[in-house]
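First the structure, then my questions, so here it is.
Labels A, B, C, D, E, F, G and H are assigned to the chains in the order they are written; within every chain, residues are numbered from 1.
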């Protein structure tokens, strides 16, 4: 049961449309549902506003399909990240209405009662073209969480005028997600230009001493711009969720 | 010139109290002021809402005093973090009105026109008593940035009931800063309980395989709670600044 | 010669059923048997209660089959971990009675005289579905060592109520094995809830700053819950063996 | 309220010596007591059998004294590890009955009703003389938790006969704690010789590529002896607590 | 014998002022001079244009004085970096003419025939005030190697306008040395703005995940600006030497 | 518009061949061109003398072809590094005139008005045969940037006479690029022999403790030869670009 | 020209069989031979007693064949390590007499005049069956360098009696090579038992915290047995070469 | 009882000077002697030719004196490395005949019957003056083990002629110990020049990316010269012991 449907149910109780005994019954479903291989946290939507999101990496196709089916009970939809190559076809067959975003490796089935879109743009900035898959994961998830999403692509600091010429766009954003690999320098520049919250996402783009994204991660953690926060390497989903926590305040 | 004073000046122009030529003159001070050893970013207050904060570590006493003096021109006050042991006495002598917070290693001189306090509590949670200096740095800075601050101390996950019994406090916070060393597990539990933004601060509390806080940092970056963001080890200031970016939205 | 059969042989000597000369002859087999590529430690069963276990990774199919054959002399069975994909078919052909557990990558042929099952449950808790292969390895090995095994799956700390609602199960366990990747936070919570021995197994589940399980490993080594012990990343076998050392006390 | 005293109280209720109303009142003390800088977990003794232990590193003298005083309410005693040099004198003055173990950096005040000593020896083996402080911490803590402690000192693997000649001692131990720095090789040898649980404690003894104990830690995590478990570098306390979890089973 | 003096000697031979036998004798001094603890490389000045520079860290006061005395034979002067605190007074007493630069930890005694100053400015840019000691080391060494030195201080990327407003200065430099700690982002911005050679010097300024300068070092090695080269952490001397190699081409 | 063509255009204005209105129109193309997935920095050629270079790794074939097409507008050519195996055929089909260097993984289409070749040889030295792909990347890029390229191959320090016998070649070079894996020792020897700028390129050649080139990287950063600068592991392109910055001074 | 043939040639000069002019001509071949991709160090055999050995990893099949052909001029044979899978067939076709050791990944063509076998056994001990490929590389190379080779396989410290029962073999060896992965503990035990030189070879056998052999490497570098020396991970060749340096003394 | 004295005793038995009963009694002392904090390995001298060496770091003054006294029973002397500053005076007072080498941090009391000096020089080469303390430790220990020691100081690869001009010295050595910090390049050059065994000792000389000697250590482990072996950082003692194992063969 997701947050929107709980709100509606409570509204019907308030208006006398539904008596409280029945409401109680509908609410009294267990918070956690046990499959043999997973314990689904149905309570999360009430606690945090968004239902549990499925991380597909390390799971079998069968497990992902089974979890998705349970989550989609009552037409609450689902959001699956890190979809593995062999999962696209089974997902398309089982859930023809689902959106399959191959670049961002995300499968999304919107709930029947999707969350209202919030005011304030979540602006997603990328340093280079190779950072796009992570940015795409962030964009799709942010939308699923009720965000309005803007983009600014390939504006890394080696050609700083590409960023500076977009000052208005930067100033108008409610939250900014900055996605960068290699030297991870872009969030420091962005963080110094705006007053809005800035969430930095290091990517594994690079080679050699980039150490699979560790160089960018360390750079961002040591940002000389104050108050830039950081999520795990390639974690576009996490950045989107953090942005959603902010705009839903 | 800080944000509040700029607002007042523009208000006086709007009301006809001040003509625009004089206003322009007052605004036309250079954005960056060059000392021989520092380039002060006076423009930052307008760009980001808070003036430049001084990081005292690695600077000489003389440099810190000189920068503080410049920042405090027009009675705009200053905020100095990582104050070193030999700086307390000179700071007290030069700025008798300044607040000197030894535990948090922060010196704060409030501006003549302090920022209005924002709605929404910034709740600072610590896992253990040894994490207090970092939490204190966060608390003082958050207040200086206009935040209302609450605290929940020594509620690490090894005695999880200490945290769970404070559910109301958790749910009412606008932003939560979680400070923890050793296993860095607390933000994952908190992040799973609340819908508000959660900023995790790893501390260098621990020994051996804590690697000076790296263990806690990695744990937080890999939090199984979605959308938890992270700042540098022991960076209470950064967490406060990030919280301020959020509540000033 | 395994422990059970040695016990029986000594019993027959004690009862006069077998004279000591013959007993000596049967016991006088060399403790270590040399193949050209391996020195099998037949003495281990007497020293430690369980026969030598075969680690298949890095060995050829031929080597594994040869060692398994020798271990199974006198129908003492064998236990093989980290079975590689190309070994399943040859193992099935050579040892039709062997149990082949593909998820846990374990092949097990019970000895003719299996060890008696001990009192006290070994409870295996996993943080997420992706941790199941390691948990499965632990479960099968624990059973082979004479343990009674219980499970609690997908109860990571981001939805802490899933764990807390199972308090009775936790309190009744004799030994608890906690399997977790990513932030490795679960053993700290479990360790704070129970008095029983807790063995933490970090897994390589995660990406980016999880560093192949190092993040979870460090988190567990720095657990703020007292007396949690740790084994190598993905080492389900080792955790089961440690649990067996405890329940056989 | 510690475990022993709770047992006695319940015994008095059972025998009619105490009525249940008064018993309830005595039990109804809050589980967690809040000082301004610490939240003491009084409930832990009931949950785990031992009261909360104080980790003195990173705390001020005043904080340690205050926490010790609260823990010692009802004469329940206290156990403080990592006592810092400036704490010995104040501790001696405030708690003249406390045992002060300088080598192991432990202060111990036994409770009025100490736990009964358990059967089964906890044998503490050290590889070299320089590992003694960590072994001492383990020994004192193990005793405080009701263990019977034996020792075997300076029997590192470079002179393996020193260990092998003590086979009887090894075989008779209920739990073995092995403390070693440098190559951390000793737990592998011990683990292969005995059937009892083996807890390995890496120490920071060494230099250069010992990396402050990381070399020994890694060696122990990769032990070729099955089922050896590991605690943090220099964590004698943790090893003792783990041993106590086992012998109290 | 330094480069300038060798040039003069050869000029005197060419002009007939000196006969070649005597010239040969003067040149025939051994290239390497052996003290008991050092082998001085007198040949280096001819091979590379600058005499051997003394790295004082890890040497005793006596060793440094003895080496300096030998290098200063024939009034060729010396350059000593990483001067340790206890060396200032003895150096001042033995070499009253030497310049002692405490901030940069450098002692410099110019040779009687100093190298001609080259065309083209070596511009030294620092991200923050705390980076000044390293920048100072670079500046003094660069001058000693015949460079003309300019400076731009405290222009880190969090206030990018401080850098961008100095475009003319940037464009006119022959070589640029960029000194930065923390995120090490500044060289990427500078490297994208200019065509001149850019040498990046990471500093150990920072804390926590800056890992003593490793974060800045990795960031610079992964610079998204093309052709930025890097020297060791805090190695102002090395950057100056590299710049000298370029301007002496 | 590349640098050469801008020079010609300005020349035609100077000579009256072109009126300034038309020149302005031709120059007035936007500096940055936005594709949906990339923001091409056309201004770079004017700022730095060379057009933007495409890093193919992490991009799709389609993205690379589209960017190459845009860069080649006005027949300005392109330079693509880290060409992936599936890109050779499409590149050959779309750009039949392009040079495809498989060993060095570089595709190069010279502009219609290539830059004049500069005086001074860029000498590329390799320690071993396995370092050749990186050296080749450097050589092709250096030529594209207007350099004259020499080579010295397989002269690692384990047979130092192979290097020393080529003294004349070493002394005559304007810039030296030294490519080495394993111990990364060669740049220290070369750097001690010559006065010219030395750029060290660590390679990932090696195994075990070479850590993918980190060993060679660290060795080069700690070179005992003064003023050796370093680029990222396997970054032949970066070394060539740095050399070009120097020879274009 | 190898060492044996040079010895014979000089003997023929000494006996008058060959005049010195012709001898000089035969010796006057260049020490280093340049292919386009390699500089062969023919001088090495005279300098070190063994000809250059080819490291095949990172080279193409064509390069390896060409180098082998040159080395085998004058029937001096060759030794190639790290032979890649696609090289076996071409090597077999070009050099039918060559020995192809697939397990050890070595191809060896003995020279027409092989070196005399030295006194003193090189004993190669392995901890486990999975360490055999590295041990095999060491064995073949040691034989090629004139060594007499013995073996002791799968005698890891978890079953220490397997090693101790072979004391005579250990005591009689001239040099001992100990090959071990995982905890790398075996060289410490061996090093404490014998007076002979002990060379430790860490292997990449293991998983998780073995970090690709780093754990074993660190353990060996910190061996509590005195005077154990170490080579790179999996470097069986290097250990054999080091042993050859010793027995040829 | 050391090796020399055992030899003499057996000689006296052989010559009839001593009857075997008495000889047995003298030999029948226990191999390991237990102090409360140490188990002295008296058997080591017979097993390895040299008595146990004391590593003073991490031991108290009292422990070191007590162990030294026991080792010196029967006037067998002692060798103590890593002597701490507060130990010099007590050692001088207790053992006036002992040699105290402050630079190398070694205290040595020669046995009454010192070992005969072996043929063959142990040549100790250092890269720089700052490496001298480690080289000194090696030199003193090597002499104590019966070696003849030569030295070559400050001949790092940045001035390679300083090394090459000493070819004869290099060629005549029986074993070479190469001590180097920073880039650790020297052993690769030396290893390529000589046929003798080469033992490389990395030192912690350096800063920044030298990582306390790790850079030099990695460089040496990856030496492109074949058969160079390595000991721990700053482990001069270990190198000397390894050299002694070789010359005593």
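We adopt the following convention: a contact is a pair of C-beta atoms (placed from the backbone, for glycine too) under 8 Å apart; a residue touches a chain by one contact, two chains touch by 3 or more.
Here the structure is a predicted model, which means the values were calculated and not measured.
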Intersection of contact partners for subunit A and subunit G: C, F
Same or different residue numbers at the subunit E/subunit F copy interface, by half rule: same
Furthest chain, CA centroid comparison against subunit A: H
Reference subunit E; chain at largest CA-centroid distance: C
Chain pair equivalent in interface to A-C, over half of contacts matched, among C-G, E-F or A-B: C-G
Whole-Å gap separating subunit E and subunit H, where each centre is the average of the chain's CA atoms: 39
CA centroid of subunit D to CA centroid of subunit F, Å: 61
Residues of subunit F engaged with two or more neighbouring chains: 44, 128, 158-159, 192-193, 208-210, 214, 217, 221-222, 226, 232
Those chain pairs that satisfy the touch definition: A-B, A-C, A-E, A-F, B-C, B-D, B-E, C-D, C-G, D-G, D-H, E-F, E-H, F-G, F-H, G-H
Subunit D - residues contacting subunit H, complex: 128-130, 132, 153-155, 158-159, 161-162, 165, 205, 207-210
Subunit H-facing residues of subunit G, complex: 44, 47-50, 53, 120, 174-175, 192-199, 217, 221-222, 226-232, 237-246, 248-249
Contact set on subunit B toward subunit E in their complex: 31-32, 34, 36-41, 43-44, 52, 55, 57-59, 63, 67, 82, 202, 204, 212-214, 217, 232-235
Touch list for subunit F against partner subunit H, complex: 127-128, 156-160, 164, 182-185, 188-189, 191-193, 206, 208-211, 214-216, 218-226
